[in-house]
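One chain, chain A, appears in both complexes that follow, with chain B as partner in the first and chain C in the second.
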Partner chain A sequence: MSESKNGHYKVIGTRPIRHDGVDKVTGRAKYGADYAFPGMLFGKVLRSPHAHAIIKSINVEKALKMPGVKAIVTSADLPEAEDSTQQVGEAAMNPRYLSMNILAHQKALYDGHAIAAVAATSPHIAEEALRLIEVDYEVLPPVMTVDDAMKKNAPILLPNLRNKEEGDNPTNVANHLQFKRGDTKAGLAAADFVVEREFHTAMVHQGYIEPHNAVGIYNSDGQGTIYCSTQGAFDVRSMCAQVLGISVGKIKVVPAEIGGGFGGKTTIYLEPLSLMLAKKTGHPVKLVMTRGEVLRATGPTSGSKIKIKMGCTRDGKITGAEVWMAYEAGAFPGSPVGAGAMCLLAPYNIDNFQIDGYDVVVNRPKTAAYRAPGATNAAMASETVIDELAEKCGMDPIDFRIANAAKEGTAQIVGPPYKRIGFIETVEAIKNSPHYKSALTGKNRGRGVAAGFWFNAGMQSSATVNIQTDGTASVITGSTDIGGSRAAMAMITAEVLGMDVTDVRPTVADTDSTGHTDVTGGSRTTFATGMAVYNAAQDALRQLKERAAKTWEKKPEDVKFEDGKFSAEGEGIKPMTVKQLASRLARTGGPITGRAQVSTGGIGVGPAFAATLVDVEVDPDTGKVQILRATVAQDAGTAIHPSYVEGQMQGGTSQGLGWALNEEYFYDSKGTLKNIGLLDYRMPTCLDLPMIETAIVEIPNPIHPLGVRGVGEVSIVPPPAAVANAIYKATGVRMTELPMSPPRVLKAILEHRRVHDLQAAAAD
Partner chain B sequence: MATAVIPSLMRKLTGGHDRVTVSGRNLREAIADLDRQYPGIANQLTEDGDIKASIAVSIDGEVGTNGVLDTIRESSEIHFLPQISGGN
Partner chain C sequence: MAQKAKSNGKVNGHHAHHAHKTRVEATINGEMVEFLCEPRQSMLEVLRDVLELTGSKEGCLTGDCGACSVIIDGRTVCSCLMFGVEAAGKNITTVEGLADGAKLHPLQQKFLEDASLQCGICTPGFLMSAKALLDRNPNPTEAEIRYALAGNLCRCTGYDKIVHAVLDAAKAMQAGG
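Presenting the complex of A and B:
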C-alpha cells in the first residue's frame, strides 16, 4: 500500500527491497578496485610534499630503469588544455585548471598535488619507483586562508589569474558575485534589533568510504575504456577528453558500483592517468588511492569566512541583511560561494539585502562539490543570527521563521519567483513532531532548530524501457546508483506499466550503451532521470496500446489501460494483461522499446527545504557536545521510495552533525595536512549519534509529472546551525566557528564565564 | 516588451538600472537589443554566440535549456544567474 499523499499510486510510496541489494550484501557487486584484466599493471602517484612550490625539474630516469617499471607520466605528457570556462555536467569548469590539477604544471599548489604517475608490474614496485623520481622544488610561502590570500601583498598562486575588478593585477580572488535587492542600509536602519556576527567554518571532506580508483585500457586503434567509481560516467568521459585532447567518441566509461560520493566523485583525478599510462604501456593500468591520498588530494568543500548583519522589527519582521562571504576554492577557482550566497537567505522573504561573495584560491586541494555545496556554511551564519533575532523579539524560533517565510510567488534571492514550495510545511512538521512537543530536562542541555535551502538540479537524462516477451521489463539509464536510484527507476516503470516492481530489472549502463546522462548529483537523479524513465515508460505504454488496438482492430485511442489491463469496447474483446500482450509482440510488429530524453533546466527545478531539531548536552568541563536527539523534516515533493528518502535525510543530517562537531582539515605552518586518516579526521560513527527521526513532507513539485523534487542534499544544511543554537540554550554561549569541537566549545564557555564573573564583580 | 533583470555587478553597464525593457523573439534577439541599449553587456553574457557556461538564464521562472534560442514572450521576465554545482 502506497504511503504517498500525492495521487493514487500502487508502487510509488511503497518500500520494496532494492534490486541491487543482494549483490551488495553478498559481496558480488563489483566496485572499481575489484576490476582485474590479463596483463594489468598497477599505478601509483608521486605527490608534492610542499603546499606551494615551483617545480624546477623532474627527473624520471632512475625510476624508469627500475625492474618492473613500465612507464611514467608527468605534465609534459599532457596536451595544453584550453583556458576557458566550459559546462561539464552541472558544473562550469576550466579545462586548463582541470589539467593542472591532474598533474602539476610548473607549480605544486597544495600538499599532495600530483606530480607524476608510475605504472609497474606490482603496486609495491610502483610505490618504490616513486622514491626514485627526482623533483627539484623551489619552496614558496603557502597561503592557507582567505584572509591571507586576500591581503594586498599576498603570495600569488596562479600568476595568470585575473578578476574583473582588479584589472590586470595578479590576484588570488578569482571572482566576486553580488546579489542585491532594495535598500539594505534603510532596511537595517528601520530595525528594532540588529545582530552582527562573523563566522568561520573549516574545510571538510565528504568522507566517502570507497577511495577513488580507475582502470584504464587503451587499444592500438585509439579506443580507450575506463572503469571507475564515479557519480557521472559521461562527465568523466567529457573531462578526460578535454584533458587528454581526444574525442569523447574514443572513450568509453564504465561506471562501477560506487561506495559513496556526496559530490566528491563528480570530477576526475586518476581516470586520465590510467588512460595515459595504458596508452604508454599497451597494458591495462589500475590505480587506487589510499585514504591519505583521498584526504590530501581530492576535493573537500570550502572553509569559509562569513560576516553577517541582520535586523528585524520588534514584532519579528526581518527588515534587512548585509552579508560578506569568502570561500576557499582550493588551488584553482571554483568554490561554491555563489551557491552559498544564493542559499543563505533563500527560505525568507526579505525586501532589503546585499550579499557579496568572493571565490578565493588558497594552497589547499581544489574543492569539489559536497552535498548542497556552499549552503551549509551559509546557513551556519544566517540561521544562528535568525535564532538570536527571534530571541530578542521574544518569539518561538519556528514562529519567527514562519513569519518571514518564503512561499509561492516570493522572489528568490536571484530574482525569479518561487513556484509552489514547502518551507512553511517543513518547519511546521518540526513544530508538530513528537520531539518538539517533548520536554527537555536536565543540566547543561539545550534544544536548537535551524532550516536550510537547496535548489535541486535538473539537467539532462536519457532512459530506455524494454518490454520483454514474458511481460516483464528492463529499464536502462546512465545514472550511477548511489542512494537507491535503481529501485526508484524500477518503481516508476512499474507504476506506469501496472507491473509488480520485481518484474522490472533496472540497469546502470556505460557511456556507449545509453544516451547522455549528467551526473548523479544536485539531487537530480530521481527528478530528471526519473522524468526520463516516466516518459520512456509512457512511450512503451503507448506502443503497447497500439498493439492491443491492432489485435482488436481498434484505434489506439479506443484502448484503455487500467489496473494493469488493456481493454476496449466491442463484442468478443477480452481484457489483456501486459503479459498476455507481450507474448504476442513478435506477431504484432516486433519488440517494444520506450525511449525518452529530457533536458530539464539547470538549477532550481525543485526548490527543497529542510529543518533540523537537535537536543544536546554539553560537558562544561571538557566542551564535549553529545547529540541526545535529532529530528529532520524535508520536503521531498513526492517520496518515491520513502525508506531511501529517509536514508538521504538521515545521511545528510549525520554528515551535517559531523561538520558541526568534529570534522576539519588540520594544516601545519608549512601547509602540510596532518590528519590524513579517519582516526584523526574524525567523522561521526554510530556511537556518536542517536537514531535520527524523520518527517517527510510532500508538497508536489509542479514541474514534475510525479511531483518529485529530489532529496539528496538539503538535509545537510541546517544541522551545524541547529547544534550551535542548542549549545547556546545549554550554555549561554553563541558559537561562531566550525567545528564546534571540545577545545573550541570549552574556550568559549571559559570566556563566557570570565566575562560573566567580571560583570558580576563590577556589579558588586 | 520583455524585461531583463540585470545582475547587480553588471548594473554599472546599464547606468544603475536593474530592469531593462528588451524586445526579441528569443534570447539571442533580446540580448542583442540589450546590447544596443547598453553596449558591452552582451560580452558579459555571451561567448562564441551562446550564453556563457558560467551563466544560467531563467525565463519566467524556468531555467532555459536551449541557450540563446530560448523563446521570449512579450511579458517575459529574464534573469541571469550564476551556474552552480551540486553534490549528491
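Presenting the complex of A and C:
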C-alpha cells in the first residue's frame, strides 16, 4: 500500500487492494448470471421483428404444449399501471410506459420490443418455444429520426402523448424545455465573430460486457426475491412493484456483482419477467439476455441533432449563445435532453443565452442513462464551436476557455451560483501536462482539447458501521459497487476510526438489510453514500468515546481520539486503542452500530469538470483516425482511492473515444437494427488506444465532509469534441457528425479538397 | 408425445427425452473430469451450467468479447465458440485453475495491485489471454501485449491499467516472483 500524498489523511489518498478483488481475479465473485437454485427454470423473451406495428393477436398454445415449457407471459398478465410521472432514482419514470416497455401492450414500438416470455426446463427449449408463439402484426411505418418524428403528419408512436404547446394534438414531441438568460439576440449582435453549426450524433450503447440478467423466486406466501446485476437494487424493487402491482414490502432485491452498467442498469427489463414466470411456475426462473438483445432492447443513449450559434468579441469574451437541441428518447419519453441543455454551456460564464431542448419519441429502444447522460452529445457541439471561436480570435483554446471560465459565484445554467469549483484548475492541469508541453510533429497529425461538465447527484443513501469485538469494523451500504466503491467506503470508515483499511469489511446489502439507497449513478456513490458512511463512522466513534468515558468515569466530551487511541486527562488513565475498547463492548453497554442516512438535494451542488487533450493521426486515403496520445484532467475534489479515480477517468475517456470514432446504431429503412453484435458495434479494443495519462485535480468540494466530488462520469464528455478539434488541426476539416468513422471523415476530407480545388481554380 | 410434467422440483434432470447427451472426458484445471452434455451445448455452457465453473463469463456468444477465454492445450480459446463435446481429451485451464492453491498467479496479484479491474466481468478472460501470452513470450513489449489482448473487450478501464499489470507481472515472473 502506498502512502497518502494529500497531507491531510492517513488512509484516504492511498491505494489499497480492493476488498472484493481476490474473488474477482479467481472467478469466485458471483454475478447475476452465476446464480443457480434447485429446480430453476430458464426464461427467454420473444421480441418484435418490426420497429412499429400493431399487435393484433398473440397465440401461445403451440408453444405451451412443447415438452419442457412451463409458462408463458404476455402483457395480458400485467396489471394496468399508473399513467403518471414519478421520480425514481436519477430519472423521471412513468409506470405505464415502463410497463409497456417490459412487454409490449397493443403496439410494438421498436425492433426488439419484448412481446412474450417463456419459462422452460432449459434455455434451449425456451428458445425453441419462442418460434412456436404466433404473433399477428399489422406493420406501421417506422419513425427513426427526430426530424421525421417532428414533421407535421408524422406517424404517431403513442396515441395519448401530448405536450403543452400542441394542446390536444397527438405528437411525438414529449417535451420542450427552455433555459434563458439575458438578451441572446443583443449578445450575438455584439459579437465580432459568430460561429453557427449543426451537429448530428448517433445513438450509442453503454456497452457493458455483462448482459442483463435476473433470477426471480416467488414463494407461495407472496414473498418475492430477485437476484440481478443492477446499479440500484431499491430502484429495481420500486419499479417492479409499480409494474407488477405489488407492494415494495413483498419484494427483496439482492444485488449481485455487476459487470458494468454506465447508467444502462438503472432500470428494469428482465426483473419483473423473472418474478411473473416464477409466480406462474412455482420455480425459480433465470433470464439472461444475449448480446443482440442487449443492443436491440435495452437503453442506449440518444442520438441527437443540435444547432448552435455562438459569438465572441475580438479579445475572446463569449457574448451570447443560441442552442436548439432535439434528442431521440426512443419509444417512450425521457431522453437526457434536459441534462444536455444544463451542461453544454456550464463551464462558462455567459451573460446571454437561450437553449431550447426537445424530447422526441422515435421507433428505437427507450434510452437509458449513459455516463453523464446528454452531456457528451452537447459538448460535441459547444466545445468544437468554442475551438473555432478561439481560432478566430487567435487565442490558445485553453486560454480562451480560462478567459470565459465559470468560477465560484458564477450563475449556473439553472440559476443558483456555483460554490467553489475547479474548472480553471482542471484546464490548467492540461496546460501543465507533459503531453501539452510536448511537440507534435508529422504529417496528418493534430492536437485537440475540449472540456466537460457534469453534476454530482445527491439523493438518498444509508450506511451502517458495526464495531466488531476484535476492534475491526464492517461497513454496510446499499450502493452497488461498480468500479471499486467498496474500497472507498472501507477507506472512509478506516480513516474516521483510525483503523487499517484491511480491518474494515465493506458489504453491499440487499433491500431488506440496509436503508433505502438510490442508484449507483449520477456520480453520487462516493459523494453521497461516502457522506453517509463518513457520518455513520462518526456515529460509531461517538459511541466509542462514550464507552471510554464510561470506563474512565469521565464525560464523553473529555475523551480525545488521536492516532487510533482514546485518551483522557486523569490519574491512572491509560490510552486505549479501538481494539482494547472493542473487547469491552459487552461489559460497557453492548454492541456499537453507527448509522447515518443522507438526503442531499440541489442541482450542481458539487459539480465535476474534466478536460481532455488528444493527438490524432488521420489517414487521408481512408479517413481512419488513430489516437496517438490522450491526457485527461479532472477535479475529484478529494481522491479517496487515486487508482480508481484514474480508472474512472481512463474508462470514461475510452468510452468517449469510442463514441467519437466508431460506435453507432445502424438501422435499415424498415427500422431493423443491423449491428447486433460486438464485431459490428465497434467499441475500442486495447489495440486502438494508447495509455491514457491522467491528472487528478483536487479542489475540495465545500459541501462534503471529506471534500469529495463524484468522479464517475464527466471524463466521457470532452473526448468527441477534443478528437474533432484534433482532426481539424490534422486535416483542416471541421467534423459535425458522430461518430467520426472512416467513411464520414473521408467524405469530409474529399469535400474539403473539392471546395479547396474549386477555390484555387477560381483564383487562377 | 411426452405429457407436460407437473412441477416436481426436479425439472433440471427431466429433459433427457429431448436431446441425447454425450459422455465427455477432459482434463480441466489439472483434474480428469467426466461430464454429460448435449451436442448443442457450448464449452462455455458446459463450464458454467454443467461443471459450475462460473468464473468464465458470457458477454456475447460470438467470440467478440473474450470474457469466456480459456486456455486449451496452450492456446487461448473463446469457450463460447467451441462445443462441449469438442473438449474430449483436451487439457483445459480456466480462471479457477490459474492460482497455485492459495497462492495467486503473478498476473492475478498485479491485476489487484495495479487496480486493473473495475467491474471485473472481463477480468477472467483477460487473465487467461495474458497467461497464454506470458507462457509463450515471457517478456512482451507493450505493443505485443496490446496485440495479444485485442480479442478481449474491457469497457471500464480503457485498458491502461490492464496493460500495466501484464508488464508488471512479466517483470515479477522474470525476477522469480
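Convention: the second predicted complex is superposed on the first by the 755 of 764 C-alpha atoms of A that agree within 3 Å, B and C clash if a C-alpha of one lies under 4 Å from a C-alpha of the other, contacts with A are read in each partner's own complex, and residues count from 1 in each chain.
Note that a contact is a pair of C-beta atoms (placed from the backbone, for glycine too) under 8 Å apart; a residue touches a chain by one contact, two chains touch by 3 or more.
No experiment lies behind these values; they were computed from the predicted model shown.
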>> In the overlaid three-chain picture, which partner chain does A:483 touch, first (chain B) or second (chain C), both, or neither?
In response: both
> First (chain B), second (chain C), both or neither: which does A:415 touch?
Replying inline: first
>> With both complexes overlaid on chain A, does A:469 touch chain B (first), chain C (second), both or neither?
In response: neither
>> Quick check on the superposed pair: does A:687 touch chain B, chain C, both, or neither? Answer first, second, both or neither.
In response: second
>> If we overlay the two complexes on their shared chain A, which of chain B and chain C does A:223 touch? Say first, second, both or neither.
In response: neither
> Is A:207 in contact with chain B, with chain C, with both, or with neither (first, second, both, neither)?
Replying inline: second
>> Between chain B and chain C, whom does A:432 touch in the aligned arrangement: first, second, both, or neither?
In response: neither
> Should A:259 be classified as contacting the first partner (chain B), the second (chain C), both, or neither?
Replying inline: second
>> Shared contact residues on chain A, chain B side and chain C side combined as an intersection?
In response: 206, 261-262, 482-483, 648
> For the complex, which residues does chain B have touching chain A?
Replying inline: 5, 7-9, 47, 52-54, 56, 58, 60-65, 77, 79, 81-88
>> Touching residues of chain C toward chain A in the complex: what are they?
In response: 1-2, 4, 7, 9-12, 14-15, 17-19, 38, 40-41, 48-49, 52-62, 64-65, 67, 94-96, 98-99, 104, 108, 111-115, 117-124, 127, 142, 145-147, 149-164
> What part of chain A is in contact with chain C in the complex they form?
Replying inline: 15, 17-18, 20-22, 24-31, 33-34, 36, 38-41, 64-65, 67-70, 121-122, 124-125, 206-211, 257-262, 281-283, 288, 290-291, 482-484, 641, 643-644, 646-648, 650-651, 653-655, 677-679, 683-687, 689, 691-692
> What residues of chain A sit close enough to touch chain B in their complex?
Replying inline: 84-87, 90-92, 164, 176-180, 206, 261-264, 266, 336, 338-339, 342, 354, 369-374, 414-417, 419, 454-458, 482-483, 520-524, 599-605, 648, 652, 703, 712-713
